[in-house]
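A single structure is presented below for examination.
To keep things simple, chains are lettered A, B, C and D as they appear, and every chain counts its residues starting from 1.
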Amino acid sequence: MEPRAATTARVRVAVLGATGYTGVELLRLLAAHPAVELAFLSSEQYRGRAASEVYPFLAGIVDASLEAPDPDAVAAAADVVFTALPHGAAAPAVVALVRRGRRVLDLSADFRLHDAAVYARWYGEHAAPELLSEAVYGLPELHRDEIRRARIVACPGCYPTGALLGIVPLARAGLVREPVVVDAKSGTTGAGRGAKVEQLFAEVNENFRPYAIGAHRHQPEIEQEARAAGAAGGVLFVPHLLPVSRGILSTIYVRMLGGRPPFEALFEEAYRDEPFVMLRGEGPPPELREVRGTNRCVIGWRWDEASCHAVVVTAIDNLGKGAAGQAVQCFNLMLGLAETTGLDAPALVP
Amino acid sequence: MEPRAATTARVRVAVLGATGYTGVELLRLLAAHPAVELAFLSSEQYRGRAASEVYPFLAGIVDASLEAPDPDAVAAAADVVFTALPHGAAAPAVVALVRRGRRVLDLSADFRLHDAAVYARWYGEHAAPELLSEAVYGLPELHRDEIRRARIVACPGCYPTGALLGIVPLARAGLVREPVVVDAKSGTTGAGRGAKVEQLFAEVNENFRPYAIGAHRHQPEIEQEARAAGAAGGVLFVPHLLPVSRGILSTIYVRMLGGRPPFEALFEEAYRDEPFVMLRGEGPPPELREVRGTNRCVIGWRWDEASCHAVVVTAIDNLGKGAAGQAVQCFNLMLGLAETTGLDAPALVP
Amino acid sequence: MEPRAATTARVRVAVLGATGYTGVELLRLLAAHPAVELAFLSSEQYRGRAASEVYPFLAGIVDASLEAPDPDAVAAAADVVFTALPHGAAAPAVVALVRRGRRVLDLSADFRLHDAAVYARWYGEHAAPELLSEAVYGLPELHRDEIRRARIVACPGCYPTGALLGIVPLARAGLVREPVVVDAKSGTTGAGRGAKVEQLFAEVNENFRPYAIGAHRHQPEIEQEARAAGAAGGVLFVPHLLPVSRGILSTIYVRMLGGRPPFEALFEEAYRDEPFVMLRGEGPPPELREVRGTNRCVIGWRWDEASCHAVVVTAIDNLGKGAAGQAVQCFNLMLGLAETTGLDAPALVP
Amino acid sequence: MEPRAATTARVRVAVLGATGYTGVELLRLLAAHPAVELAFLSSEQYRGRAASEVYPFLAGIVDASLEAPDPDAVAAAADVVFTALPHGAAAPAVVALVRRGRRVLDLSADFRLHDAAVYARWYGEHAAPELLSEAVYGLPELHRDEIRRARIVACPGCYPTGALLGIVPLARAGLVREPVVVDAKSGTTGAGRGAKVEQLFAEVNENFRPYAIGAHRHQPEIEQEARAAGAAGGVLFVPHLLPVSRGILSTIYVRMLGGRPPFEALFEEAYRDEPFVMLRGEGPPPELREVRGTNRCVIGWRWDEASCHAVVVTAIDNLGKGAAGQAVQCFNLMLGLAETTGLDAPALVP
């Protein structure tokens, strides 16, 4: 890591669920973050072992032990907590930490939906519905100011991040009146590190398939934010599983009867000052590798006159801008740090 | 290969362009075809070498020499010719062979479009426009009878095959009135075996990207056949490059304002007797690996009530049903053989 | 499948453990085998479901139900049984079937080692040590005649097949006096289809590693057969995990102080009439893809004068010649069929 | 990039051959290096275009133009030059720059071999044999002090780096008396970014093969340094091509008749203070992914008593410690900077 000025005050940070794919990406980013002290790590599965024993690449970088996520111990050790726990398990942990005065960045689905009834339909009964209205949806490009002040940041799902950054500038302009089709393709880390036959190498390799067509849990989350931005016609979301480790590419189709929209003006206005949104416009389409390991979102577009469709393409790293990177971006905002702190490593290409 | 009855009459077959990916797939299939004698192979690049020297897996299977594609020599050696040449190069070869009384299955784009002006716009001036009206579009599920009698079969492009098999049953019923969106994802062999930087392993691996959005040469071909089947609103075709060797998965979106179409009845009617079309319906969506190495097309569907969209998913092997397999299927029809002859090997899974 | 002569008598065959990677490869091969009737399939995990429900690529090819492996039911249904069960579970099943007069091809490790004490050291107590001396090691290139008459064929491990075919011709000539180093690299299907974190796509993809260095369970099996052939110095076996689905490439190092051995003569003599051994000699080295989906073993060699080492390279498909393909080859021998029956499909390239 | 103290003096640096895989890795590392100003970039192929046009991931990171490598222009713009040119092309460029008083880190093979006759045998006539004796072999673990003072650093080949770091500690102790076998497996970027059929995705994917057995150009380089360290028996080097983008894993076999060597003591002594060498010992063997994107070399070992072999395994990123990372490490030494400057990013896992 870069030599750090002796005067930098460090924030004591906890990561709960540190050995899943999202958790370890948090470790990778936070270990190199100049304003962070990694003060507490938890893992149910690997409790008692060193992080670098579970992930040897962390040797000399994060050698701390993985502990049980006791709320008192966490609150005593850390000022800010990243929770990378399964949905359902996250809510009680967040409640316990907020009660103990800690600020929390939750990477699960538990605080993303504002409506407890919608949450219940997709995930089951919510453990703390009274906190849903307080939680801020952690997409800085949409909610930067609320994030700065938030006690609970609900970090967006990976698919919603890629979809929304492509839809919102058009929706805000009132141009999205028909249903939006989001054809999304994700690497396998989006499915987590659980031992499932369908995620084995020999099942995914040389294969490709859609799943949960129109029925994925990220659909209501996309719709909530897209509608709030003005997309009147709803969203049809179709995810696919790519044989790559990282990345989501979303190809977004919006029928527009009024002719070509002013893409350039709308996306420029929306993202002019955004450090992590790269506008490719009508240049070479975004591709996964250019965002690998980064917090960037690259956005390109085309207008198809014959079919009256806008095609918007976005590329993110599902573990970066789609999860841990975006959480760190929110953390920087909450702490009043430069928004890019710890997030400026170039993509790993090739 | 299976022991063959001594009485089987063999058809003498030539393959021109035998060392590209489509060509070698033809060799793989035709070598195991009980009614075929591989009588002539050509390759510009490897002229004078044995096919099994270029592709060692063919040792003991196709050891014949690769020759120059002199039309007289080809016509003398073979009764039926498969041309797997680049577009532009195929047309003159086809003309020369037809003049010499041979039947030709052309796997290039040269005879797929009926309209020479449309061809010219996408590929350049056509060398034999007078033959365009005679050539039969080699999709047996649409044109079986004409294929049986054809002198020139224009084998469909890989993308059009996957797209059309999903669109046509709905289009024929008059249900496709709005533009169809075809979001297609292809393995790299679809791009051929030319030495291009963008096709290097380190460029494609762990990557994914769209290309030629709304501007791919297969778009007019899809539109020609889709419109002929009744799709009134045109097609928006968006291809993507997958990091797999083989396979095309097409996710097809059709807005239908009249509510859920009778998928089952329409697809059953269209494909009831088709040996290579597998209807998955609303079961587990089609996936690439289940068609790898086969001539199958697997088709699934969903209705999304909220957005009034039919979602149809098709999976083919771009070298199988998308190229060489389909050409052999047409060959079987032309020769009056059982349509599945030489095409019944199960997929290679895992 | 090829049209079958109406007169072919079919052998009723059972496959126990039909949904693991080895089991499904047996289904793929046996379904296309002209002398086989697939009469009984078992699967603990998927009992009661159709094989084609678990593996959709089998639709229309193997639609039979998966049942519990009750020995009486198996013996009633089938004349010959392939057992693709985990080691330890196989032995009792084999005993039960042999007692009921059935011939068994066992693809587990349970009958490969002749010495019960060696078995116990690597796998635990053996359930039927009295049968070890009867079982025939199913490598036709070494034990063809015994296989023909065998009641129990112990199909070799995948690694031993690739290693032994490279070592034996030199060992028989008395040239292997120093320890042999076998540096082997295998695709992931060799590890089976169990749901293990270390076999997840995101753990294997873009990765490569050795494991069980000098301590793999296949080492005693390699040594048993190599020593029997005359390799006096033992074997150091080091396996590695490749990010591919299928295939084992073994690079074999043998120090020879007497100078370059007569590779050509020795390998020709050993394999002259072998239908599945392809001698590449000093040509382009064997590669995995040329054996993918086949029962072939390709063997190349080099002599390095400076270091006095013979380098022998072998390539097999771990599910083909390394497991199911070889089992079918043994089956053909046991039944007096042509040895290549059902095994002549070309490799899937590209 | 980390905010940099205003007072840091920047060294003006040129990269010649900036768009090959090694070149772009230099850009990725140097752009984030706090003591570097990227002052001049050259590319024959993409002259006149921006680096970020050729590699979009560099947008906002390296947007400078690619120029022709005119020695006067280079020398005027930069104090230190990295040459990532093909062998043969590098030597004249290095000569020209040294004459103009610049210090050069050459990543080609041109200055690695001390003996012009050996160079000639493997690469052809050398353009500047008089400089061979001056050039320092840029492996800091072997030649740190000479690198500090060097005018020309010959950065080691990727394979030699992985091999030598595993061999040298044993060789120095006089334990390497028999020929060493280095069985090495490399990702495809080691072969460069030239458009070659054999490097196409569909040729490498799902494939694996050895090449240049005992005849690779890196063999004399390994031997030169291994012999200098005391390895008396020479080296048999066998490279293989892995279907991964980055990384080299070397499995090294050394026969030792005196019994188990004191691995721990020897490797500790050799690498105790090395910031980039991680000793894994007899723990889980090194794997490629833990070094991906880093300058690390992870080393593990085993003793096999039965065969009297030491097995040493090393893992590096061929573009990191095997090329650009190591060059930056040497640069840091030459400039008197902390050796890890700009090289401390964790590996990209998963």
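By definition in this document, a residue touches a chain if its C-beta (ideal position, glycine included) is under 8 Å from a C-beta of that chain, and two chains touch if they have at least 3 such contacts.
Just so you know, these numbers come straight off a predicted model, no measurement behind them.
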Any chain that touches subunit D and subunit A: B, C
Which of B-C and C-D has more C-beta contact pairs: C-D
Euclidean distance of C-alpha centroids - subunit B vs subunit D, Å: 45
Averaged-CA centre spacing for the pair subunit D and subunit C, given as whole angstrom: 40
Whole-Å separation of chain centres (CA-atom averages), subunit B against subunit C: 36
Touching two or more other chains - residue numbers and ranges from subunit B: 21, 189, 202-203, 205-206, 243-246, 287, 289, 292, 350
Touch list for subunit C against partner subunit A, complex: 21, 187-189, 193, 195-197, 199-206, 243-245
Subunit B partner contacts - residues on subunit A that touch it in the complex: 178-179, 181, 183, 185, 202-203, 206-211, 213-214, 233-236, 238, 240, 242-247, 249, 251, 253, 255, 285-289, 292, 302, 304, 306-309, 311, 313, 315, 350
In the complex with subunit A, residue positions of subunit D that touch it: 1-3, 5, 21, 24, 28, 31-32, 34, 55-61, 189, 205-206, 245-246, 278, 280, 283-284, 287, 289-294, 298, 319, 338, 344-350
